[in-house]
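Below are two complexes that have chain A in common, paired first with chain B and then with chain C.
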Partner chain A sequence: MSGTVPKKRLKDLSFWQKIYVPEIIKGLSQTLKQMFQPSFTMEYPEVKFDPPASYRGRPVLVQEENGIERCVACGLCSRVCPALAIEVQAGETEREKERYPEKFEINMLRCIFCGLCEEVCPEEAIVMSKDYEIVFTNRADALYGKDKLLTPIAKLQDRINFLRQYKG
Partner chain B sequence: MPKFTLNGKEVQFTEGQTIIQAAANAGVDIPHFCWHPSLSVSGNCRVCMVEVERIPKLVIACSTIAAEGMVVNTRSEKTLAARNAVMEFLLINHPLDCPICDEAGECKLQDYAYKYSAGESRFTEEKNNKKKRVALGPAVMFDGERCISCSRCIRFCDEIAGKNQLTLVKRGDRVTITTFPGKELDNPYSLNVTDICPVGALTNRDFRFNSRVWDMSSTKTICSGCSRGCNTDVWVRSNEILRITPRSNPDVNNFWMCDEGRLKTFRNVNAEDRVSGPQVRREGKLQKVTWDEAYSAAGELKSYTKEDIAFIGSPEATVEDNYLLVKFAKSVFGIKHLSMLDHSVTGSGDEILIREDKSPNAVGAKMAGIASENDELDFAGILNGIKNGKIRALYILEDSKLSEYPQLIELLSKLDFLVVHAVNYSPLTKYANIVFPAASYTEKNGVWVNFQGRAQRIRPAITTHETDRSIDGMSMSRLDKFGTKFDSWGNVNKVEARPSWKIIAGLMTIFGHKQKFSMAEEVFREMSDIIPAFKGENYDKIGESGAFIAGKPTAI
Partner chain C sequence: MNDFLFYIIVALVKIVIIANMILITVSYLVYFERKISAWTQNRVGPNRVGYLGLLQPFADVLKLLLKEDIVPKVANKFIHSMAPFIALFVAFTTYAVIPFGPSITLWGKEIPLMMADVNIGILYVLALTSIGVYAITFAGWSSGSKYSLLGGIRSSAQMISYEISMGFSIAGVLIFSQSLRPMEIVIAQHGWMWNAVLQPVGFLTFVVAAFAETNRLPFDLPEAEPELVGGYHTEYSSMKFAAFFLAEYANMIIGSAMIVTLYLGGWQFPYVETFGFSPAVTIGLQVGAFFVKMGALLFFFIWVRWSIPRFRYDQLMNIGWKVMFPLSLLNLIWAAILAMIMK
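The block that comes next holds the complex of A and B.
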């Protein structure tokens, strides 16, 4: 191959660009225009962000209208979780679906919001919610049990519809 | 030896073998549901069909006898198509229960569906409904829908357990398994049907829904229930034993174990009343102390002579534990009062597996020197000695049956000094001056010798304060590998206990007989130099299936 190839500019600057002043005026006029546009910034936390259905907030358990969770404690979410965030202990009930989660715990310090638990779930029982405000001040509080995870199905309809449209 | 061609390769077989057996010996696995190496051939699942040259139709490998010059193909197009068809057929009425089924993860149907099925079904009608959750007996739960009617469980009860307790009823897609009216599946080996069930139709009621199989670690060890010493796997999650399953060993237990051994031998390990940390009685109360404090407190034994101290070994402890007890007693005291309790229960044995001797290591303890002919007093003699005040101090190795032995318990208050190695709190620890927490049989390495004279290894399945899964080479589940102390499943219960040989070795230092053992294996090495029965034996040689060290194998 040949040796050095002389560097060539894509485009040489024109005279007006070289003197710089018109470019400054252009920039400043853009700034001035934006000052009178409606504000884009959200005044969080006074104003809350309402995420779209595709948003992956913290995973929650779907609670049917009769108050019973859909989860049958198969443990697939726990197995697939790349961060080992989920712990499930199954128990036996008298209901037709004989298996239910006696304990269902997500360690929110481990959770990486990948959504694999939702993807693997055969019962559509764990879904990603729109909740992005996850706050705790010690390790023990980061363990979200069934009390924090169970969410009425009405609140999750958006995500479920999204999943039915795009999942699988 | 005759030969036949299997998938283009010549393989040898023995006269009378079926194709499936001959192929298994040659390392070719032919899929099978109803065939089991220890049961009669029923040939009803049809998944083992293979192509044999010059036979127009496919034949089932489990009942076709291999013949000289036969040309068998287990991977031909025809075979694969037939397998797929059988899988599709079996899955027609099999419910999609895997998420709630305990068998998932160790299910033959699940495995074969991945391996041999195209994964498509032409069946669009409704699956049939059968009875689910039928308690066939005290230990076994039956799910009619999952059953593929392979009849393994029926043949097991008839042929191995010797009790005709199960049968198939009805026909076609209504066929199901049931007990005879008013009868239960309650033979002492009933839980083996849950192991051989290729699907989740028969499940262990005790283990039901306790854990996913992939969340547990399994450790190859030996059942402590009787002197048969069935080879077992101990399944552990979060340092808790959840179930025990038999491990195949044709010389000892074949594929089976009894329900008693499976369900009861780990209760005391998981129990709340485990002794944790050495304890010394001060002002009438047991107080937790450090190991060194406990050892020096046990130094009080020095004030007794060989005439007024006795030692009780244990047929539940390992040969290493018993050997060091003997060594301690002989080298420090030069004594002869050394015996142990016989655990035999007359009439409790059977012709299958269960033995009358309810201890796993009586033969081994005797080999290690407990209750030998040179001893002056036997067990009854020691009791007598305590009664008439001759024996004032007693040293007891862990033995759960001693605490259920009233003749001994009522004499304990007569003793001046009592040292006990204990796994659980018991009437013995109530009287003890010093309690050493002993590691249970699932927490230590060692050797047991069963009634046949077969040395078998026990291995630690759960950790104590002093052991670590990765450093000590114990089996680990995924949770063990990646858990931290901050995870609720990583922050596990552990007891502060040591194997008895280690406790005695530490104690001997106080008496000026320093021992250099840091592993059970080293104790065994010393034994193999000294004791003729163990000569030439080592842990590697004993391995996973054990080694005969005395006598001859008796038929099982």
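The block that comes next holds the complex of A and C.
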């Protein structure tokens, strides 16, 4: 069998490499060294990962200090969403910004966390939060309405600063 | 009659102790396998079930017990269910001849610290471990799956190539002990006259052959996951799979016990007689020495698994026939010359 297989790399190996045992000892000492290194494991429920500002977690709607959302229901996010996860219905108000979303729904089963909604938003009204713990036990719960999406701006300042620095 | 009863009771007690010892050692071997793999990869490993995850092996067994036992439609059902039990049978019976301490005297009767002091103990081990390969080959063939079949075939091919160098390495040991009785092989290695010191090449070939016999990495070709989806146990589930798992780890314990007995002086604690302890303490130290040596070897088995990648099939055959076999022959000649000189 070995007659048909061309022998490769014969020249590259020195005598000590060819007898194999010293190389095994090298490999074993390497793993032994690693055994005494500290581990990188984050023990999740107790220790939680604190994402950097560039992290794209669950998309949320920005709520100003006065409790009103920034969104003007232009529908661009819904339009750009590649997974068709966002549904917006506009309504009219007496406020300075005349439009607001009567209904704003993100289907979290569809969302792929691409961040295009955030990128396209002219009002900086929808941003990606740092929330990565997204749990629901049935399909109806996966539709996140305004109650779950509206997030006070104080919590999102990190991401907004990041966007102002790097977006566009 | 009274004597007869006494020896029966002693044998039963020894069986219970050894069988339970194997089971507990196996479960914690699995635990340490996972822990050591975690440490080498800078992870933590199982630490949720019980203190430091110490109950993890029991949780695993419980999980396997509750799983559905699936037998493929095309499987040969009789052989398919027989194979795991052959594996278990071999794994558990081999311990019978391994001495883990010197003889002790209880109520005026001498009791060797091993199940059966057979005068052909080494042959017995060799014969049984050869049966062990049937379990794997049967499992592979009867599953009716090509991956399993390939695993089974590889196992028998591997067995043939490594049994020979194993046999010749053992022959080198037997030259010194002049006996096939494990107890006498151990006694022949008094002081630092360990066979590993006298014939290091034979030690190396035997250790490599032991790795191949127990199907551990770097010789785990019968169950090579990336090529064979698990090999011979691809089609097994539930307790039958657990039986294979148990047998694999029990074989590892046999492998290290055999290495200790044949090459590392068995239960011998070098020069313990000269320390001047009482006989009971001396025996305790000797039994302890056996288990410490075995534990170190088990750690070595696991350590090698997480360090060295698997051999390719042709490399395995090349090493078996072109390297290990001539080396073990050379070792035999060396052992013969050494034995002549030392006489």
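We adopt the following convention: the second predicted complex is superposed on the first by the 157 of 168 C-alpha atoms of A that agree within 3 Å, B and C clash if a C-alpha of one lies under 4 Å from a C-alpha of the other, contacts with A are read in each partner's own complex, and residues count from 1 in each chain.
Definition applied: a contact is a pair of C-beta atoms (placed from the backbone, for glycine too) under 8 Å apart; a residue touches a chain by one contact, two chains touch by 3 or more.
Remember, it's a predicted structure, so these values are computed and weren't measured experimentally.
Aligning the two structures on chain A places chain B and chain C side by side, free of any clash. In the superposition on chain A, A:151 contacts neither chain B nor chain C. By the touch criterion defined above, A:27 lies against chain C but remains apart from chain B after alignment on the C-alpha atoms of chain A.
After the chain A superposition, the centres of chain B and chain C are separated by 130° when viewed from the C-alpha centre of chain A, nearest 10. Contact with chain C, but none with chain B, is seen for A:40 once the two complexes are overlaid on the shared chain. Between chain B and chain C, the smallest C-alpha to C-alpha distance in the superposed model amounts to 34 Å.
Taken together, the two structures place no residue of chain A in contact with chain B in one case and with chain C in the other.
Touching chain A in their complex are the following residues of chain B: 98-100, 104, 132-133, 208-212, 214-215, 478-479, 482-483, 486-489.
Chain A meets chain B in the complex at residues 72-76, 78-79, 84, 87, 90-92, 97-99, 105, 107, 109-110, 122-123, 139, 143.
Residues 36, 38-44, 47, 204, 303-304, 306-308, 314, 318 of chain C touch chain A in their complex. Of all the residues in chain A, the ones that touch chain C in their complex are 1-2, 5, 21, 24, 27-28, 30-32, 34-41, 43.
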